[in-house]
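A, B, C, D, E, F, G, H, I and J are the chain letters, set down in written order, and residue numbers restart from 1 in every chain.
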Amino acid sequence: MSEIILVGQEVPEFEMETYEPETGKFGTFSLKKAKEEGKWTILFFYPADFTFVCPTELADLAEVYPQLKELGAEVVSVSTDTKFVHLAWHKDEKLLENVKYPMGADPTGAVSRMFGVYDENTGLALRGTFIISPEGKLVGSEVNFYNVGRNADELLRKMKANAYLIGHPEEACPAKWEPGKKT
Amino acid sequence: MSEIILVGQEVPEFEMETYEPETGKFGTFSLKKAKEEGKWTILFFYPADFTFVCPTELADLAEVYPQLKELGAEVVSVSTDTKFVHLAWHKDEKLLENVKYPMGADPTGAVSRMFGVYDENTGLALRGTFIISPEGKLVGSEVNFYNVGRNADELLRKMKANAYLIGHPEEACPAKWEPGKKT
Amino acid sequence: MSEIILVGQEVPEFEMETYEPETGKFGTFSLKKAKEEGKWTILFFYPADFTFVCPTELADLAEVYPQLKELGAEVVSVSTDTKFVHLAWHKDEKLLENVKYPMGADPTGAVSRMFGVYDENTGLALRGTFIISPEGKLVGSEVNFYNVGRNADELLRKMKANAYLIGHPEEACPAKWEPGKKT
Amino acid sequence: MSEIILVGQEVPEFEMETYEPETGKFGTFSLKKAKEEGKWTILFFYPADFTFVCPTELADLAEVYPQLKELGAEVVSVSTDTKFVHLAWHKDEKLLENVKYPMGADPTGAVSRMFGVYDENTGLALRGTFIISPEGKLVGSEVNFYNVGRNADELLRKMKANAYLIGHPEEACPAKWEPGKKT
Amino acid sequence: MSEIILVGQEVPEFEMETYEPETGKFGTFSLKKAKEEGKWTILFFYPADFTFVCPTELADLAEVYPQLKELGAEVVSVSTDTKFVHLAWHKDEKLLENVKYPMGADPTGAVSRMFGVYDENTGLALRGTFIISPEGKLVGSEVNFYNVGRNADELLRKMKANAYLIGHPEEACPAKWEPGKKT
Amino acid sequence: MSEIILVGQEVPEFEMETYEPETGKFGTFSLKKAKEEGKWTILFFYPADFTFVCPTELADLAEVYPQLKELGAEVVSVSTDTKFVHLAWHKDEKLLENVKYPMGADPTGAVSRMFGVYDENTGLALRGTFIISPEGKLVGSEVNFYNVGRNADELLRKMKANAYLIGHPEEACPAKWEPGKKT
Amino acid sequence: MSEIILVGQEVPEFEMETYEPETGKFGTFSLKKAKEEGKWTILFFYPADFTFVCPTELADLAEVYPQLKELGAEVVSVSTDTKFVHLAWHKDEKLLENVKYPMGADPTGAVSRMFGVYDENTGLALRGTFIISPEGKLVGSEVNFYNVGRNADELLRKMKANAYLIGHPEEACPAKWEPGKKT
Amino acid sequence: MSEIILVGQEVPEFEMETYEPETGKFGTFSLKKAKEEGKWTILFFYPADFTFVCPTELADLAEVYPQLKELGAEVVSVSTDTKFVHLAWHKDEKLLENVKYPMGADPTGAVSRMFGVYDENTGLALRGTFIISPEGKLVGSEVNFYNVGRNADELLRKMKANAYLIGHPEEACPAKWEPGKKT
Amino acid sequence: MSEIILVGQEVPEFEMETYEPETGKFGTFSLKKAKEEGKWTILFFYPADFTFVCPTELADLAEVYPQLKELGAEVVSVSTDTKFVHLAWHKDEKLLENVKYPMGADPTGAVSRMFGVYDENTGLALRGTFIISPEGKLVGSEVNFYNVGRNADELLRKMKANAYLIGHPEEACPAKWEPGKKT
Amino acid sequence: MSEIILVGQEVPEFEMETYEPETGKFGTFSLKKAKEEGKWTILFFYPADFTFVCPTELADLAEVYPQLKELGAEVVSVSTDTKFVHLAWHKDEKLLENVKYPMGADPTGAVSRMFGVYDENTGLALRGTFIISPEGKLVGSEVNFYNVGRNADELLRKMKANAYLIGHPEEACPAKWEPGKKT
């Protein structure tokens, strides 16, 4: 799998080992299983554990996690560190104490390459967010270079819009739309 | 040019014909010129003129345009329609009356293909936003499938963060950061 | 489909979205359907909607349209604009008020390329007219560069000659022939 | 040279042997020479000498030949017969008695192939007319299948329009335009 | 079919349009039919109709034609002119008045190429004579460059020798052999 | 050298060992040398020495040899036997006692292949005669299958015609022409 | 670099980021620099930080590190974790408190692949030890599958033997040799 | 078989002729048979018989051979000499008098190449030791360049650890581990 | 068949025309038939008939021919001359009067190439002797360059040794062995 | 070097390590050096040292060695064993006590492959003898399969013939020739 998936294309099925903060155990994320359960998948890539610049993004994501879950989305944060490192970092870093979503391990870079966020020079992933529909289609992407952080509220807004539209395909969705507003 | 530019890569130089609402004339956007003037470039792709679902995105973008300009960014909206059609639509559609940024014409789809938002089946562009640094590097991307609209305020936030970071490379930028806040 | 169809060759089947001025709705042109209905097809390419130089050609074509229809021909004008733009232009441009034939949309350029009139540099179509027999064979072509306009009366004459010859294959058709005259 | 020249492209230079009715001698047509003399070139292909169906086209062409010449155009009729056969036919066929333009011989089919009118099954040329500008660009083409004859007056009209436009490039040329009329 | 047939090889089946002087009508030569009828085939290529240098060869061939026919051979003269031109020439040229054998038309050059006598520079055939056995094997070839004419009597001698040998395969045929002589 | 030389093409230079009956010694035939001396070359292929069917052809050729020489032609008989075998055969076979021309040895088959008369199944040469002009161009060919013998007088006639024409290129040469006759 | 280096071959030059426990800072290991300083290089690969099974190997290595250094060898432990993770693990894990050698980070797996210890399925490195001479040649390798631990004393013995032999090339080195013993 | 087997990969089955010191006869080592008998295989490569530097390694190996056998391992020493030479050397060299394990002959170098220890320049094998599990997987490798001898006691330790782990897969094996110690 | 057969390889089946001195007729040698009859085959190549240097080799071979036959071997001498030439030479050359073995004709060089004795420059065969076992395996070869003659007695000795060994495969055959002697 | 050298071709230069019985030391055979010294080279391949079947061949060769040397030939016996094994065998085997010629070691099989006597299945050489002229051309080859031994006297005879012929190139050498006899 070396090609990049573009928005609008079907995402090939893949699996990833995870550290699951809620149980403190190791687990596995499977796109196939997410699709079978009718869930949306949100992949949230970041460069590396134990660096000083990322935890706030993950903490913000933790705050909207309950709402994303309610909308039918499974959230997985992803870096190229191992699940052992995720466990250690989660225990060590105070900013992560509210993180409940699975932390995915992509040490081979296979998943990161598939979404075009793998940096061959450093072996790390860029900050990219990807929304996959319950049918397995990539419906949204966002990638930032530098250390420009992402906005978890905006992710929530887009997830809401996607979830709404799938139930109301005949409606067009204007910019900044929020559920309850008319398009 | 058939390859897709990923975040972190250098964008090949290109030109595009435009309709310039401020003067009512036709012009040309040149990435080379933007770089020479030290400007950021924001490309704002949308599917087609004269459809009923997009104008609000363009109107919202019009509202933050003055601020984006102040931050040193040139904004260009892009569809695969011709400049003649842009002119006609701008005159015809009330929602566009405040649009002042150049409206780029990509009838061959060459620019849309370069950023991976060209749909070969319809000849139209997906809703994608791309931020190019004054050095010509792609530093941010966002693409939505379906009719999920974009948030102009979020674009403004990211542009501010990028503009700030370029002057303060040693600072890490946490999520949701706004200028004035500490990282 | 990247090869050019020459006169005398079979035209591969294709479809095109259209704006139908008679009903004010969107439709689809299908070569397969035209063949099944025993109709001739006349494709009338022009560069772009909303330019100042083409409408007279389309208006002239509108005048001979009833006669062409009576001869068993379906006429479709074609540009690389979308059907949305065709609709807008038809409403906006007085010169088009008598246009009743379907206006075909070829935003991907696929149909224009097939007939060798797609200009890769501009994404627009050259002024080309093509006559396809009810069996699907290309029997006539005419292409002009520059802004040399076409003569609708001449098109009518050629269509008449083609229609006559198909019923009288043993007769040779001299130049300038008009029905009723002997060859 | 096996590719077909499309309208808008440069025509590769070529030569052809001719029978020259005005002197009764054999000669040579050279595109290079025509370009050096600033002349337009009109190639008028037809299937074969000594058949019963073509002479009227050539006779009609003979009538407008003086006017075409005045507009700066060199006319050459072309079939895949030899120059010897042209001579014999010209002497034998009454309908050709006013033919004064050079009759080109293309027994190898090289020129016919270049313009896409060579029929590999019969070794004959289709009825095609091609206008080449003094710069050597193909600016007009017309090809008919079956025995649909061409209209010499229409050719004259197009030649006039081309000649006019080259001196007035800023003017758009509406359909059916004739010199003296405004566009 | 672009390969050259050598003596001793099987000739691929082919057809050619003809002008038949005996009936004044057009016909078709078919190698397959000749083989089915158990006939030998003699192909007699020459450059072009209506030239001043060839008719004597064709007239000489006309003189031995009855004898060749009696030996079971079908004779076909071949040039790259059309059957229409053959008809016109036969009527026009006194030297051909005794020609009774079919005159084959090879305007595509396909048959001439097969026997290696097609001149790609001029589109004409060299002076070549080929004898094909009733089984379809090429058993004799003779080709002259320049304007060196062929000897019809010699052709008759070789045809006789071939016809004799096929009935007496055990006999060797010495040079200059004539039937009745012992080998 | 694996391609076959056609009439009208330049013959690549080659050498061949020979037995020279006039001196009883071995020699070498060189096309280069023949060309330098302004000579025509006549190659006379036959299948094999010491068979019962060929010698008469070689004897007939011996009779016209003095006249061919006078016309400026060098004659070489060729088989795939060695020069040793030629010597032995010439001494042994009475029919060859008047043979004075060089007997060429082509044991590798290289020369026979070049003229298309090498039979890969038997390693022998077909009965082929080839005339090469002083400029090195192949101007005449004749090949017979079966045991149809060649006519030395006819060879002489053709050689005379070739020799005459080279000095009178403006004259066309009718069939059966003999020097002294008018064309 | 996708090929595997075998014992006896030259190791291509490479660099690796490191965590340096002695200073608590990040650094860089460079083979080029090691060679310029005349040092031996010992690479000590292990699967992953923060797992429960490896630390004893690293602790044992720490004990012989002073002696290896005295023999002129630079020791670098390597896993595919980042330098940030190495820092975190070193602070967190008691068993590592005596580790003073640089801890190399190979997150892209490039160095691990070069020595054939990269596991494409897991993105981790096998337990492999490699000794590189001051000239850059690979002179020793040892790789264990499963969780079979390595013996630091044996590594010290081999390093001593290598260091001795380089100064006494004429002596053969028997098994189990220790300096001071005769071979 | 030209690829090198890495630790963790399955070893392709192979056979080797041997000299069996215990019986004084020639035999065959077969990996397939070793696997069927549930045995571990230890291959012990060395450069050449009858040289002055190797015998001590083989003698040391002879000392631990009984213990390795008890652990379920078959030991085979291997060089590229023939079995005849092994027999001769074993009889001739006193240091080998206790060698009881089979001495493998690899005169084609096929086995040595498979494990990456064949030196193409000399045709000899490097000093490499390889442990293959009863399932046929390569689980340990060690290769020394120069004349650095191997340590038979260390080999015994690793074999013990491997044998222990296969029965206790859940236990991690720390460095320097010896059976009876806890991990 | 362009590859060379090495000693120890199977010889592909082939046939060759022969002159059979015993009957004075032409025949055919077939390897397939020789194998079916359980015979050994001895091929004895030499350059050419009718040369002054070879006959003694063939005469010597004639002397041992009865003994070779008794050992079950068929002998065939081979040159690239035809069978006609063999017949002529055998009658002409006194030295060959005792030659009774078949004289094989290889005018295409196919058999000579198979055994690597064909000289592409001269079309002749080198002096090579080849022994083929009744199973069709090449078991002996000998080739001499220059005019170094072969020793028929030595050929007889080798044939005896081969014939003996095939019946006593367990015996090794020392140099110079003769039947009756012990090895 | 993977191609086989045929008799008549130039042998590429090569070197081989040797055991030199006369001095008891190791040496090197170099074809380049042999050629510079104007010597003939005789390579005498055999399968393996320490087998029971070959020594007699080597002993016979030893007897004619002084005469071969006198004729200007260097003799080298060759097997794929190492020089160490040659030394050991020479000391051990009584039959070799008179062997004085260098014993070449070809453990990589490179030289054996060059002469087509390497058996890929066993890694041993077939019994082949090769004579190389002082100019480096292969002038004689002999290869035996099975255990058919070679005849040293016959080798001497051939070497004498070669040596004689090189000084008397004009003389043909009949079979069984011995110096002093007339050819």
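Throughout what follows, a contact is a pair of C-beta atoms (placed from the backbone, for glycine too) under 8 Å apart; a residue touches a chain by one contact, two chains touch by 3 or more.
This one's a predicted model, so the numbers in the text were calculated from it and none came from an experiment.
Would you pick out the chains that touch subunit G and also touch subunit I?
none
Of all the other chains, whose mean CA position lies farthest from subunit I?
B
Which pair, I-J or B-C, has more C-beta contacts?
Output for the comparison: I-J.
Using CA atom averages as chain centres, what separation in Å is found between subunit B and subunit H?
67
Averaging only over C-alpha atoms, locate the centres of subunit A and subunit E and give their separation in whole Å.
From the centre of subunit A to the centre of subunit E is 82 Å.
If you average the Cα atoms of subunit G and of subunit J to get two centres, how far apart are those centres in Å?
Result: the chain centres lie 51 Å from each other.
Please output the residue numbers of subunit J that touch at least 2 other chains, ranges allowed.
In subunit J, nothing touches at least two other chains.
Chains as vertices, touching pairs as edges: which of line, ring, star, complete or other describes this one?
ring
Report the order of chains around the ring; begin at subunit B and proceed in the direction of subunit C.
Order of chains in the ring, subunit B then subunit C onward: B, C, D, E, F, I, J, H, G, A.
In the complex, go through subunit I and note every residue touching subunit F.
These residues of subunit I touch subunit F: 48-51, 80-82, 84-85, 87-89, 92, 106-109, 120-124.
Which bits of subunit I are touching subunit J when the two form their complex?
That would be residues 4, 6-8, 52-53, 56-57, 59-61, 116-117, 119, 126, 128, 137-154, 157-158, 161-162, 165-166, 171-177, 183 of subunit I.
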